[in-house]
Amino acid sequence: MKLKRNTGFLGGLFALVATTVVTTGIEVNSQSTPTVKIDGSSTVYPVTEAVAEEFQNAKAGAIQVTVGVSGTGGGFKKFCSGEESVQTDISNASRPIKPEEEEACKAAGIEFIELPIAYDALTVVVNPANPVNSMTVGELKTMWEKAAEGTITKWNQINPSWPDAPLTLYGPGADSGTFDYFVEEILGKDNDIRSDFTPSEDDNVLVQGVSRDPNALGYFGFAYYEENQDQLKAIAIDPGDGTPVLPSGETVNNGTYTPLSRPIYIYINKASLAKPEVKEFVDFYLQNAPTLVQEVAYIPLPTEDYEKAIERLQNAETGRVPLREGL
Amino acid sequence: MTREKKLEKSAQLSPKLVRDVREKIIELVLFLAAFSAVATTVAIMYILIKESWLFFNEVSVIDFLTDRKWTPLFVEKHYGIISLVSGTLVTSGVALLVAIPMGTIAAMYLSEFAPSRLRELIKPCLELLAAIPTVVYGYFALLFVTPMLQKILPDLPGFNMLSAGLVMGLMIIPFISSISEDAMRSVPVGLREGSYAMGATSLQTAWRVVFPSAISGISAAYILGASRAVGETMIVAIAAGLQPRLTWNPLEEAATITAYIVQVSMGDLPHHSIEYQTIFAAGLTLVLMTLVLNIMGHFLAKRYREIY
Amino acid sequence: MVDMEVNQIQPKAEVQNLNFYYGSFHALKNINLFVPANKVTALIGPSGCGKTTLLRCFNRMHDLYPGNRYEGSILIDSINTLGRGVDPIEVRMRVSMVFQRPNPFPKSIYENVAYGLRLRGVNNRLLLDEKVEDALVASALWDEVKNRLFESALNLSGGQQQRLCIARALVTDPEMILFDEPTSALDPIATTSIEELVLELKKRVTILIVTHSMHQAARLSDYTAFMYLGEMMEFDQTKTIFTTPANKKTEEYISGRIG
Amino acid sequence: MLISDNLKEVRTQVQRRQLANGIFAMIGLLTILVALIILLGLTLQLLIQGAPRLSWDFFTSFPSRKPEQAGILSAWVGTSLVMLVTALAAVPLGIAAGIYLEEYARKNWVADIIEINVTNLAGVPSIVYGLLALGLFVYQFKLGESIQTAGLTLALLILPIVIVTTREALRAVPNSLREAAYALGATKWQTIWDHVLPCGLGSIMTGVIVALSRAIGETAPVITIGALTFIAFLPDSPLNQEFPYLPLTGSFPWINFEQLFGWLGAAFTVMPIQMFNWVSRPNPEFQLNAAAAGTVLIAMTLVMNGMAIYLRFLFRRGVKW
């Protein structure tokens, strides 16, 4: 009796699987609900996520939006793949597209529209117990450049007024867009960075590192500083004119917090714009960006830039073309 | 032929034929299922080798094996896998130093000392240790174990292989204890009685008879534990620091192969660049390391099965 | 109570009103028995009659498993081994055991024999060598293994393994050795050699043997106890049991009508 | 010289050895307790931290950028669906492979190779399965970053565990049962299907559940596939709202397979990814969500292990040899 039932159960299981195996061959990718597929940088993710959330609320579930975090490079790989199963409609990017990625897109016959959507201010932070409040770009360079590896190990080696304490450095991993940007702005193009710092892709790990070590210094996106102000102290950056500036919405927007503020982008597949759900989503994105960007502790672009971006979208202007200098 | 005769003939012949064919088909289907294991291995090797090919076209195998630095993402590039291997080995070593003694003692206690009801209760609880998501363990190591260790060792950096290894060891205990216990329990009861009949205590029986009799099963458990440790990802990625460096000191921070792979797969590198391809070369190294461990474990386990 | 006409027994061990329970199963019922010193005493009876159960009471093997319970006493040299406060380990040090199936440890021949001494903390190599040789000589295995003492015991033949187990039991100079059907897993030739060995050994120790074979009991033992359904039916000199059994059940068993 | 002559000495010696024995038993119990206390502590810490978030809404809300509104609806639905695919793929395949290796395979090099492969796969690090899935399922078979990709990846991951438990369960079935069936004229397959397999089913199911509970908490392979993290919708239901529920169509093959199996290709997120995502948020409020998600995840594995224990118990009580 018992044996019988078990056999029946097993038989049922096998049958179910057989049908599954047979039918997975059938094209299953088509979804009846229209979906906007987005992937890419983890830096841009919070902004796009906020937009997606609001957008789906506004549409009451009629349109689905997926937002992935594969990194800027991973995002472009999918965006430009020409492979329908992985291709995305929109790619989040914390840096402009690179020539080789542009090549890949061209090879797959994909045209894209580049839209800057916000600023991310890289924030240099130290432990609140650290007496240092500001530093120059030159000092940052001395601290981080290749030549410092193994030789600059104490704070006072950089500036004699700084403490006689060991220097421990934290930063995003060398494969991140944030890292690339920092290196480019502080050390200059093709200048190498010291490799004896602790990298992490998980910015909270960096927050933990700096907040627990009085001799630590690190840098990451402004949002992580803003949310953890009680555990961290931001360093005012002196671009070389003797006036150190702390990062804030105002200083980024009026251009005084340099050179560590950078624009972040979304890239839109031009072909996808033909789909009404994508078009609607991008429109919604640009209209709501100013408020939502602020809400997730990023810094919005000046209003005229958003207007220009809307214009570019309407004209379907493709390619890597800066909206204005610095974007 | 009359109808009856036909029926009779089919009743004699065809069921046998049908039955034989059916049996053969079933055997073939089952064989294909079993062969899927081989197919998976082949697929893993194919993907890893195919993807590392690009990498090894650019970087010589000799550099890969002998260079002492791993900086593929910097301008001055070095591809010395040994820096990642050292991190992997040190964290695994620390983990095994925790897990092997604790796992063995726990297994011995469960198999030779604990009353059966207690064993039935404890065993599944211990197995839950392996069920906790490793992300949780990673933060446990970073936010709890490290600060605690820093009270004893004030110079300990915030990221270090010691605390990652210790926590990883905790996670591996059930793998070791559960397999070791099975091996110990499968030691024939006659051997145990033989020992008790000589006036041995439980400890003496466990240590002098049961343990040596089950040694190949137990070492297979150790090896499985080791390959778990080598392959563990999230704990080391969160707590050990991600800075590749050639060091054998567990008090320092270092990156492991697995941590490097997740780091890059979540990062912003363009795919198909040589930098990105490094993760496949690293993955290949990892697979080869575990392969050696596993084959050793397989033969040990086989030997232990043949004794009885 | 069985009537016993046994004269001049020098008892080594004495079982008094022993009852034994596996959980709620009453396996041994009010057993009384003398085990004469330096003699071979055989326990016979049909399967399931409790002879092995009784044997295992002598070295308290039942203590290894939960739910087993003794009542009554077994005196060995007038010390009640079932008494409170008596450690089963102490009993087992005095009473060795050879099992139905040879069970050598997966160690070398030498270490198998030395095992009992090592348990007692003997690590003096010279003493060990001497004792191991003595035991192997006494178990008639020395000549066969003296050149390969450090090979695995698992490479020996079944009969050799059983003699090794006897050597292992002998090495600690026990007062009694219990044999639990020691030849049932062996071929006739190996059986003969074990039987010869048992006869030789009774000069040194008291032997209690469980056997399924009446012929073996007749060949080996000086005294025989016949058990049936957990009860002691008859105990007497072997030749009396086999020629003129007093109990009807014994006679039926001897003549092959039950069993 | 008889031992009873110096019984006193023997007794002190026994006492000494029993003391060592007792001390070891204490150490053993202590070791296990330490491990269990850490386990308990970890779970409790997560529970206490996450408790304020654990409400009905937490289970029925989609993720959100506002921590107090965020929930795990898409994550637990995703996890359940992925586990369904994993079980459907790994269980029959693993059991079939186990049957072959235990009942059919002859002792030759082919069987040896398969066996080595199975043991080897059991030790391959999970992240390597992620790399495999990325190369094979995503780019070669073009299955996308979908429920089926994740399900199949985790299925490969637990396949060796299922095979090994199946083999152990079958090995424990006494040979007398097989012989009894053969003696009645059953073929090999009939013997296995009607007698051996039902007999070992309890242990096999136990093993499968344990394997699934391991797969549920896996993060690394799903990260390498690039699981999507913000999903504020559920896959389309395969069934219709009203009778007869099944998505039937008017023409051959009469069932709308696209609707019935559409969810396989849907984007998804799973519990560990959701947790990882929250853990790396800048806003500390999200750490509470992460803790709550962790608690739910542990509870899920607890329930599965509990089921396995219960099954094992039922099986042991029901069948005694």
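A, B, C and D are the chain letters, set down in written order, and residue numbers restart from 1 in every chain.
Quick note on the criterion: a residue touches a chain if its C-beta (ideal position, glycine included) is under 8 Å from a C-beta of that chain, and two chains touch if they have at least 3 such contacts.
Which protein is which chain? UniProt says B = Phosphate transport system permease protein; D = Phosphate transport system permease protein PstA.
In this text the structure is predicted, and so the values were computed from the model without any measurement.
Undergrad: Is the C-beta contact count larger for B-D or for B-C?
TA: B-D
Undergrad: Among the chains, which is located farthest from subunit D on the basis of C-alpha centroids?
TA: Centroid comparison gives C as the farthest chain from subunit D.
Undergrad: Rounded to a whole Å, what is the gap between the Cα centroids of subunit B and subunit D?
TA: A distance of 16 Å separates the two centres.
Undergrad: Give, as an integer number of Å, the spacing between the C-alpha centres of subunit C and subunit A.
TA: 80
Undergrad: So how far apart, in whole Å, are subunit B and subunit C when each is placed at the average of its C-alpha atoms?
TA: Distance between chain centres, rounded to whole Å: 48 Å.
Undergrad: How many angstrom lie between the centres of subunit A and subunit D, each centre taken as the mean Cα position?
TA: Result: the chain centres lie 34 Å from each other.
Undergrad: Mark out which residues of subunit C touch at least two other chains, giving numbers and ranges.
TA: 89-90, 93, 119-120, 172
Undergrad: Where in subunit A do residues touch at least two different other chains?
TA: As it turns out, subunit A has residues touching two or more other chains at 42, 69-70, 74, 202, 205.
Undergrad: Considering subunit D alone, which of its residues make contact with at least two other chains?
TA: In subunit D, 14, 17-18, 92, 226, 279 touch at least two other chains.
Undergrad: If each chain is a node and each touching pair an edge, is that a line, ring, star, complete or other?
TA: If you draw each chain as a dot and join those that touch, the picture is no line, ring, star or complete graph.
Undergrad: Okay, what are all the chain pairs that touch?
TA: Applying the touch criterion to every chain pair yields A-B, A-D, B-C, B-D, C-D.
Undergrad: Across the complex, what residues on subunit D touch subunit B?
TA: Of all residues in subunit D, those touching subunit B are 14, 17-18, 20-21, 24-25, 27-29, 31-32, 34-36, 38-39, 42-43, 46, 92-94, 96-97, 99-101, 104-105, 113-132, 134-136, 156, 159-160, 163, 187-189, 210, 213-214, 217, 219-220, 223-224, 226, 271-272, 275-276, 279, 294, 297-298, 301-302, 305, 308-309.
Undergrad: Can you tell me which positions in subunit B touch subunit D when the two form their complex?
TA: 19, 22-23, 26-27, 29-31, 33-38, 40-41, 43-44, 47-48, 50-51, 102, 105-106, 108-110, 113-114, 122, 124-137, 139-140, 170, 173, 199, 201-204, 223-224, 227-228, 230-234, 258, 261-262, 265-266, 279-280, 283, 286-287, 290-291, 293-295, 297-298, 301
Undergrad: Please name which positions on subunit D make contact with subunit A in the complex.
TA: Touching subunit A from subunit D are residues 64-65, 85, 88-89, 91-92, 138-139, 142-146, 148, 193-195, 197-199, 201, 226-233, 236, 257-262, 264-267, 277, 279-284, 318.
Undergrad: Which part of subunit B faces subunit A closely enough to touch in the complex?
TA: 69, 71, 73-76, 142-143, 147, 157-159, 238, 241-245, 253, 262-273, 275-276
Undergrad: In their shared complex, at which residues does subunit A touch subunit D?
TA: 2-3, 6-7, 10, 13-14, 16-17, 20, 23-24, 26-33, 35, 37, 39, 42, 45-46, 48-50, 52-53, 56, 61, 64-70, 74, 78, 83-86, 202-205, 207, 221, 223-224, 226-228, 295-297
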